[in-house]
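Below you'll find the structures, each written out as structure tokens.
Both of the next two complexes hold chain A, though its partner changes from chain B to chain C.
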Partner chain A sequence: MLIVQQFQKRSFIIPSLISSGLSYLSKDIRLADKMEDGELHFPKTEFEKSQNTSRPLFQRPEPNYPGHVPLYNFEKLLMFLGSSIGAFVNPTNNNFIVSLGESTAFPWVLNRLRTQMLNDPSGRQILKERPHMTSKSLNLDELKNYPDNSLGKSYFLWLEREGVSPDTRVPVKYITDPELAFVFQRYRECHDFYHTITGLPIVREGEIALKLFEFMNLGIPMTGLGALFAPIPIKSSQRRRLLSVYYPWAVKNGTICKPLINVYWEKIMKKDIDVLRSELGIEKPPDMRELRKKARSKKKQVA
Partner chain B sequence: MIRHSRNLIKLQSVRYASTKGKENSATENLRLGYLSDAQNAYMDRVIRVDQAGELGANFIYNGQYLALSHKRPDLKPILKHMWEQEIHHHNTFNNLQVERRVRPSLLTPLWKVGAMGLGIATGLMGKEAAMACTEAVETVIGGHYNQQLRVLTNQFHVDVVNEETGVNTPTVPEEIKDMQKLVSQFRDEELEHLDTAVEHDAHGARPYWLLTEAIKLTCRGAIWTAERV
Partner chain C sequence: MFQVIRRFATSVSNVADIVIIGGGPAGLTLGTALKNSPVTKHLKIHLVEGGKIIEPLNSFLETPPPNYLNRVVSLTPSTIGFLDSIGAWSHFNQERTQSYDDIVTYDGVSGARMNFEHPDIATMVETTNIQAGLLSRLNELNSQQEVKLVIQEDTKVTSIAKDSITQWPTLKLSNGDSLTCRLLVGCDGYNSPVRHFAGIESRGWSYNRWGVVATFKFADTEFRFPTGWQRFLPTGPLALLPLPNGYTSMVWSTTPELAEMLLSLDETEFLSMVNAGTRLSTEELSMIYDLAKSKSPDLLEQIQWRLNLFAGKLKPADEENFPLQVSEIVTGSRARFPLKLSHADTYVEDRVALVGDAAHTTHPLAGQGLNMGQEDVKSLVGALERATSRGLDIGNSLALEPYFSERWPQNHVLLGVMDKIHKIYSTDFAPLVAARSFGVDVLNSLGPIKDFMVGRISGNSKR
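Right, the complex of A and B next:
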């Protein structure tokens, strides 16, 4: 009992001693801090204040282009960590892929792409005009009247077959430099044309094959990560097909063919797609949907 | 006078600002003001944290000397020389502390144990680690002394009123100037230790970056705390 009482007494006395001690100290601490900051006796002159360019720790800089969200590097790192895990676990969620792409789109990667564009006449034209692909700017309704086997018609048919639209492309938000942001935006918008010209579908397997093709051709890190890690969780039969058929094709064609970022797709809609392929140096891979169908029916027969 | 009445408790501070002034006032009839509360608070802080810091340095060298003197007798004169300088600094601030009646840091026992531990630990890790420790500590201390010098130079003007004309020309009292000289002399000596440490393979310590940055961080934390409690 005695111990308990003492304990209770102490539990009251000690905090009160500490708090009164702190309040005794706090005034001197405050004053000395102010002295150290030069706030009291000889305050900084206007000139000295203007020389002080330090910003508050977490004040965001102004956006560099409409829709830009400036991020600190540690935030990009967090975004990379989160989106890479998310994209691995749930690759069908576009948000993860989009943010993985932007958090790994390092300036040196995009700078290299831009240099590639500047070295090519149509690349220069694209950089100069900064076209933006939408269903309106592409005149989707007219495309269906284009001659058979033209790029425009194939693109239109591909869109119909896969049930997608060019308007679903998410705008770039986190890349600092406006021009590099445009380069990445251009890659993103042209992605559907890469599908068209290779004929790869937007099922998981097709996307993975196309990612390796893009990585070999453009060197965007996200596509390389996709090609490296995305085949891990898929079915082993699909992985075998990828590794035996599509990866060798992607490595060969992605390396050999011309840089696809320099193709001004909008201007060559009427061109024959086979001619275009041979100009760019791409051979069409086996139709993935057909291969998948065949594999499925074979499986059924066996069963 | 009323504004500074609370300062009268601190007789020393009055002395600080006024002894040299009296000589002048005999000839020119100058009236010297007092240090303000804030100036007193900062002066106390300087003496408190420097005393604690030099005490710590003293113990670090003590620990290093203990750990290294048997294994590396060749280092003894170097360590001894630096240690003796730290003892001199420590004594100087001890005297100032008594003279100005400045409360020592409440965590003095902790500084003693921590500094001794740091000295022995880096000493046992070897010559390079001990020197890297010296390098890290003296880097932080050099910067800290500089910061104090900046405030002592810019913020310690005291009213000096000519009683006949009533003109006020704020000046830095001689006592503060002595303090500036002391601090800058000590800073130079600490930076000599830094050079000595680098000459004796401080950069050869492994893991150099981790070790020095960890010690620097600890030192900054200790300085921040000793300035306040």
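Right, the complex of A and C next:
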């Protein structure tokens, strides 16, 4: 009881001492601030006082390219934590995948990709021209008139079959270096061409298989995380099919095929897709939609 | 009988106290310093040089060439102090020298940088200017003295042997003369014949690197105080050192195949390549090297593209972290030389002493090679002065040993430090880059330690 009383007494005395001491010092502190700002001898005019020149408490650095949002490292870490949990729980939400991709696109990873591009003539051309893929730049309407089995036609057919458009790609926001941001943007925009050339559908299973293929070929961390964790929550029959058919294919083909980031897709639309595949060194995997259909009908028969 | 007399006569007329082999900066400084010293000026000294030097060196002072020569060295304050003390510095063509206060080194992989500041931390001088100034001072000394130093130019040493009676070194010269001396000093460079004669082993290794040199003019875009720049690329450092009027002398140490590539470029390509070398990342450089090696026609365009990207990213405040771009090359100033480390087991034998490159060669990354030779000369002259004033035979090991025991350990430490710096920087292995960058950042913020280092490289704290 005694201690409490004493404590209470002190808790009254000490703060009052501190505050009185501060109020005694504060005059000096304010005076020093004034001297430092030069206001003591050159007081502010009324006009200067009316201008609000004080800086805001928090200000982001200048963006390095249009649309850039400079992040501090701790923000990137938070973004990584949030988006990785989100992507695991709800992988169909594109926002999570996009943020996971950017928060793990470390400079050294993108730097390695850029080095690959610099050392390849067409990769260099891509870096120099910085093309952006949109339905307009790709001339989608013309593509359907391209010869059968050309890359352009196959791409068009694939877009139709899966019901997607090249305009849905989100622009890169959080990568610091403009050129590295372009490299990541390029990966994102070319993703549909990887679907086209492998024939993998955009269903969850197909995306997972393609992620491992991309990781083996490009080494982007997000794709590796996807290939590692995404198969955990899916159906066991699908996982079995992935592990027995598509993962071995992805490991083999992703490793031996030429770096896909160096392919200037827009310039080779007329090329025969089989010829292109053999040039790049990719074997087409078994059609996933077919396999799924077969498995489903088998299941029905058994039932 | 006649033969005996004749032989006697020849040997008498051609006996010298000291014969210096080599008319480079080391040999000329030694001759000048000995003639300048009141104790040793009476000695009979011959300087034998294989090439023609007197006429070219005199004409360098009388009618200086319009362009800077490509053999340029940086002199430390200590070296300049010594040259001044023997009265030679005022004979140099001062307009062609450039002193500077600031050296900036930066890591080609991580960008970690270090600033060395000290008034007149170094002075850039053409080696021909050094030789010409020394020769001019030597002529002045000769005109004041009875015993003159004899320069035998355009004369090669065909053989060195020991005299059968006196055991003194006897030289056979290409003009048919023979020359016997009490002390033979080898200032005759890396492949020193004198060292071979004395049977002194020189140990070391080739760096498997070449130094590519050239003289440039900086682009006239903004005012800069003269500054020494050095960028450590994994293939070797690229240094741009200031000359007067915005000119700059480059030494780019690099692998033999890249050196060959650099020499095979045309001059505009070479200019762009040097600008790329001072700024672009190692990945970009390796792409550019590959393009250059394959003689790609769009090399210039690709370099310009990367340089423009670099300039676009650079914030105005960071511009002074890099040297200005070079915009002109002095035609025909490109050359290369091999880099190696070597150190002789000893500098002195009975009646033989080695000075400068004959005794040691080093990597040019801190511009210490010639300065070490000047320190050698200073020390050797001191030893000879002491020996003379004590009445010792100047060719005797007792007279020469102090020179060796003073200089060898100091040179050995410097050679070792240069070697380690070269090795630490010749990798782009990430953990090592991180470690060396951390070290540089720490050192750069520790004033006293940096001052000590500046003292060492500028030769101020030695005594």
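In this text, the second predicted complex is superposed on the first by the 245 of 303 C-alpha atoms of A that agree within 3 Å, B and C clash if a C-alpha of one lies under 4 Å from a C-alpha of the other, contacts with A are read in each partner's own complex, and residues count from 1 in each chain.
Everything below uses one rule, namely that a contact is a pair of C-beta atoms (placed from the backbone, for glycine too) under 8 Å apart; a residue touches a chain by one contact, two chains touch by 3 or more.
Since the model is a prediction, treat every value here as computed from it, not as a measurement.
*Asks:* Contacts for A:L25 in the overlay, against chain B (first) and chain C (second): which applies, first, second, both or neither?
*Replies:* So A:L25 only meets chain B here.
*Asks:* When the two structures are overlaid on chain A, which partner does A:K128 contact: first (chain B), second (chain C), both, or neither?
*Replies:* Touch partner of A:K128: chain C, not chain B.
*Asks:* Would you sort A:M35 into first (chain B), second (chain C), both or neither based on which partner it touches?
*Replies:* first
*Asks:* Is A:T176 touching the first partner chain B, the second partner chain C, both, or neither of them?
*Replies:* Neither partner.
*Asks:* Can A:N119 be said to touch chain B (first), chain C (second), both, or neither?
*Replies:* After superposition on chain A, A:N119 lies in contact with chain C alone.
*Asks:* Quick one: is A:N111 in contact with chain B, with chain C, with both, or with neither? Answer first, second, both or neither.
*Replies:* So A:N111 only meets chain C here.
*Asks:* Where on chain A do the contacts with chain B and the contacts with chain C coincide?
*Replies:* The overlap between the chain B and chain C interfaces on chain A is empty, containing no residue.
*Asks:* For the complex, which residues does chain A have touching chain C?
*Replies:* Against chain C, chain A makes touches at 64, 111, 114-115, 118-119, 124, 128, 177-179.
*Asks:* Which residues, counting only chain B, touch chain A once they are in their complex?
*Replies:* Listed in rising order, the residues of chain B that touch chain A are 36-39, 41-42, 44-45, 147, 151, 154-157, 227-229.
*Asks:* With touch defined as at the start, can you tell me which chain A residues reach chain B in the complex?
*Replies:* It is residues 25, 27-29, 31-32, 34-36, 38, 40-42 of chain A that touch chain B.
*Asks:* List the residues on chain C that touch chain A in their complex, please.
*Replies:* Residue positions touching the partner: 283-284, 286-287, 290, 302, 305, 309, 313.
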